[in-house]
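Each of the two complexes below includes chain A, the first together with chain B, the second together with chain C.
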Partner chain A sequence: MRSALQQRLRSELRTSLVLLVLVAAVPILVRNDYWLGVLIVSMYFALLAGGWNLLAGYTGQFSLAPATFAMLGAYGTGLLAYHWHVSPWLTIPAGILVAMVVGMVLAGIVMRLRGPYLALTTLSFAEIMRIVIGNSYGFTRGDLGLSIPTLMNDRLAWYYVFLAAVVAMQFGLYALLRSRVGLYLMAIRDDEIGAASRGVNTVFWKTASFTLSSALSGLAGVLYAYFSSLVSPELGLLLQTGLVICMVFIGGIASLAGPVIGAFLVYLTSESLRAVGGVQLIVFALLVILIARFFRDGLWGLARRILERPAR
Partner chain B sequence: MLSLNIDLLANGLIMGSFYALMAIGLTLIFGLLQIVNFAHGEFYMVGAYAYTLAALKLGLPAWAGLPVAFAVGALVGWLTERTLMRPLYAGYRSWGPMKDEYAIVVTFALSLLLINLVDKVIGPYAVLGPGLVDVARIPLGPVMLTGQKLIATIIAFSTIIATALFIRYSLWGRQIRAVAQNRLGASLAGIDTTKASSIIFALSGALAALSGGLLAPIINTTPDVGSFPAIKSYVIVVLGGMGSIPGSIAASLILGVLESFGAVYISYDYRDAFGLVILIVVLLVRPQGLFGEKGREV
Partner chain C sequence: MKVLEARGVTKSFGGLKAVDGVSFGVDYGELVGLIGPNGSGKTTLINILSGHLAADAGEILVDGKPMRGLTPLRASRGGIQRMFQLTRVFRRMPALDNLVTAGCALGMALDAAQARARELIEELQLARVATLDAGHLSGGQQKLLEFGCCFMAQPKIALLDEPFAAVHPTMKEIMAGFIRRRHAAGQTFLIVSHDMPVIVELAARTICMNAGEVLADGETRKVLVNPQVIEAYLGGEAA
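Moving on, here comes the complex of A and B:
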């Protein structure tokens, strides 16, 4: 017999896959390069949001550095490609590895602490990494960024590469969360001392979650670096992290479908509102505050409650 | 060489006094609610704009901008507490363990909101506030200071001392300390704990905004100007021990001096990165901070 949690995960996976199938069908109707680009960036954010949700939503560790790890992954790849013209077969894993290892080291330092220390340290880490990369003109070309050769000029091919990454992430997270490890993570989120007292190695699993989340961010950053063929410190702006948090909260935190829904919804809205100019972030920030204050499981949770009501 | 060092020391202490003005508000909120306010930098930004626009748009004399900044900061802080912090005090049983997360997300979103609101309403371009005094340079022993810096430092120091005295001796200050020690106990003794929180947030906003007003003639004000003072304050409250006022004052001065010397002797480009190194070392070696007590866990 499947538990309620497993049933819930399965229905969330199904919903997100339906959405992704729809996204896969979009190029049949839309061949406009601009809108394909917008959807590609949405999928970049879906990867970041999914990774952050694993850490914040399922493990309860609120890092404020998802965008920073994307930047680190992009620079890991970009520096190898720019200075030494290393083959993409090596630079792509190298970029992901950089994000992962830095994430692991940082987690090793901060995961022994509780409460707001993690948010504080990751926020400072994020800003300082951006300063260090932005100021090391000799090596990283500072704010100018690194231009690297792209791998494919076909936007449609990139579209499906990003889509495949998001789909793979959803299956991977599903498998992880329905396993024993998923229970460890959620136990840590719900009651850390309680979990430790039942023999869960909380520091180990928190570090593992942080590392995996950083690796997902790194993957997003690496793909984005080759897609846009430009690596710049702007990838790590705090604003980008703010967007990721908005996406996860608006879509619905601690659900498999929420972050993906949120990423498309927020980024597409933000592009459509671009003509109005500057109001989108005001709207999103207000929405996040309202959601956190009044219905904290976001749009996905709201939809689920409305759907489930008649059945009860 | 010696005069250079004295110069660096003086400038470090001056920057440290502005940091302290910022950090005290943050540490007070932490002491009371055990949360970190990620919109603290935006209180600074609001103050810097209030000071500058009072002079440029309303035509008030420069010194009158400081009480305006103080009042606007107090208002923003008070509103933050009224609208966003109330769920933290009681009830909301269902998300008891999510208290930290609620505070982080709400204040972070508030910071995004304020930055973009100001960006939209006032505009993204930088503005520089009018100076408090016209005197260009004042020799103070072996150190030459600009008049603005000297006056601003004196105001910052007096405000810090006044705040410390207020918290220590006034009735409200005693009530606040009681609530910080034991919220339930304080409420049993007849103290209005919600009012204590309101006072703390208003005071915290006012101090950060005053710091913004004092620095507005020295540092260009933009909608995102608050992020650096805020990050410095985070480093300071960790270094000084979360919740400790003397600790955060000492840590502010230490950080100011370290940065001032580091910028000359180590690297100017990375001067803002020293804070992180300090933060990480402190978290590794002495997570309770220089002056904090070791945390007690339930």
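Moving on, here comes the complex of A and C:
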């Protein structure tokens, strides 16, 4: 028999899959390369948002470095491809591994910190990484970035590669969250002292969550590197992290569907507002404030509340 | 044989000695009441026994073995289950899954933990709210839920800090009944409470603390008529 939590996760997975089926059908109507590209970048952000949501939404650990791990994944891949022409069969796992290992080492240091200290430490780490990469011109070509050969020139193929990655992430997160590990992570989020008192190894599971979240960001970075054929420190800008956080909060933190909804909504809106200048972030910041004040569970939470409202 | 023992345990906060050289032991199968006025050091002592605070001096022994560097995780996995005075449930998780988490964390398989959680939630009369998030439960229901979490696996000792405080009499009776049945089956308890009638009914032995020290330790009825205990509670000369 399924528990209420498992039923909730199942309904969230189902919703996100319905959305992704719609996304899969978009190329039937839209063959414009620009808009396909926008949707691909939305899916890149969906991967980052899903990874960050695992850490912040389900484990309660507010890292400010999701974009940094995407950058590290992209550079892990990019440096091997650029300097040594290593096969993508090796550079792709290597990029993910770089993000994962750095994430695990950082987690080992920061996971004993709580609240603002964790956020501040990851913020410092993010800026240090971006500056070091940007200034190591001899190896990383600094702000010029690394040009790497793309794997495919067909944008539609990339579209479905990203879509497959997002679908795989959703299934993976669903399986994880409905297992005992999901219970531990949520227990840590709700009450870390209480969780330790019940026998949950809080440091271990926080580290595992940080590592997995970093790996997901690394995967996003690796795919983006090959899609765009360019790896630059811009991937790790704090602005990118800000976008990821906006996506998760607007879509609905601590839900499987919310970050995916948020990623598409925010990035598509951002692109639509491009013509009117740099007002996107103002719009998103205002939305986050409104959501934090009135709808803590984001758009997904709001939709769920409306659907679950008893009929009069 | 003693399941839990404190030897000369001392803990200070700044200039205040919250626990001052406390020594006592709890035998397997015993139900011991721990009483004392507010600020007497009861919760600090429970925090030390459950690994939430490190003692400045003295030692804690479990099954006669000294537990150095005791943490909440080690205490819990070592069979010391603790209930907090201010409830600590997993608020955004359904009530049933709070219990399942506790079971899994102590090594039960997910299916076994779910089955055990359903039994417990029935016994604690929380079945009606099993699917609600714990944060939506009343204060008393949250206490019952946290109480239940301590018994997902049979603990060596249950340290219950004010389990009956601010709880409706019906729920208090559910908890007391549960304690009675488990104690009759050999479960060991250390219960902190200000509820004297319940302590008299449940505990054959009571320890009274005052100003961080053990004031009296013995048969409950004798401890409660001890002039020093009465003075500590009432703040004046005993009649």
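Basically, the second predicted complex is superposed on the first by the 310 of 312 C-alpha atoms of A that agree within 3 Å, B and C clash if a C-alpha of one lies under 4 Å from a C-alpha of the other, contacts with A are read in each partner's own complex, and residues count from 1 in each chain.
The working rule: a residue touches a chain if its C-beta (ideal position, glycine included) is under 8 Å from a C-beta of that chain, and two chains touch if they have at least 3 such contacts.
Just so you know, these numbers come straight off a predicted model, no measurement behind them.
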Chain B versus chain C on the shared chain A, clash or fit? fit
Which partner chains sit in contact with A:L307 here, chain B, chain C, both or neither? Use first/second/both/neither. neither
Go through the superposed model and pick first if A:R293 touches only chain B, second if only chain C, both, or neither. first
What is the contact status of A:L156 with respect to chain B (first) and chain C (second): first, second, both, or neither? neither
Which partner does A:L64 reach: the first (chain B), the second (chain C), both, or neither? first
Residues of chain A touched, compared between chain B and chain C (which is higher): B
According to the stated criteria, A:R189 is in contact with first (chain B), second (chain C), both, or neither; which is it? both
Where does A:Y117 make contact in the superposed view: on chain B (first), on chain C (second), on both, or on neither? first
What is the contact status of A:G242 with respect to chain B (first) and chain C (second): first, second, both, or neither? first
How far apart, in Å, are the nearest Cα atoms of chain B and chain C after the overlay? 7
Return the residues of chain A at which the contacts from chain B and from chain C coincide. 189-191, 193
Interfacial residue positions of chain C with respect to chain A in the complex: 50, 52, 71-73, 75-77, 81-82, 84, 88-94, 96-97, 100-102, 104-106, 110, 113-114, 130-132, 146, 149
Please output the residues of chain A touching chain B within their complex, sorted ascending. 56, 60, 62, 64, 109-110, 112-113, 115-117, 119-121, 123-125, 127-128, 131-132, 135, 189-191, 193, 238-239, 242, 245-246, 249, 277-279, 281-282, 284-286, 288-289, 292-293, 296
In their complex, what parts of chain A are in touch with chain C? 1, 3-5, 179-180, 183-184, 186-187, 189-191, 193-202, 254
Hey, which residues of chain B end up touching chain A in the complex? 30, 34-36, 38, 84, 87, 95, 97-98, 100-106, 108-110, 112-113, 116-117, 119-120, 227-228, 231, 234-235, 238, 269-270, 272-273, 275-276, 279-280, 283-284, 287, 297-298
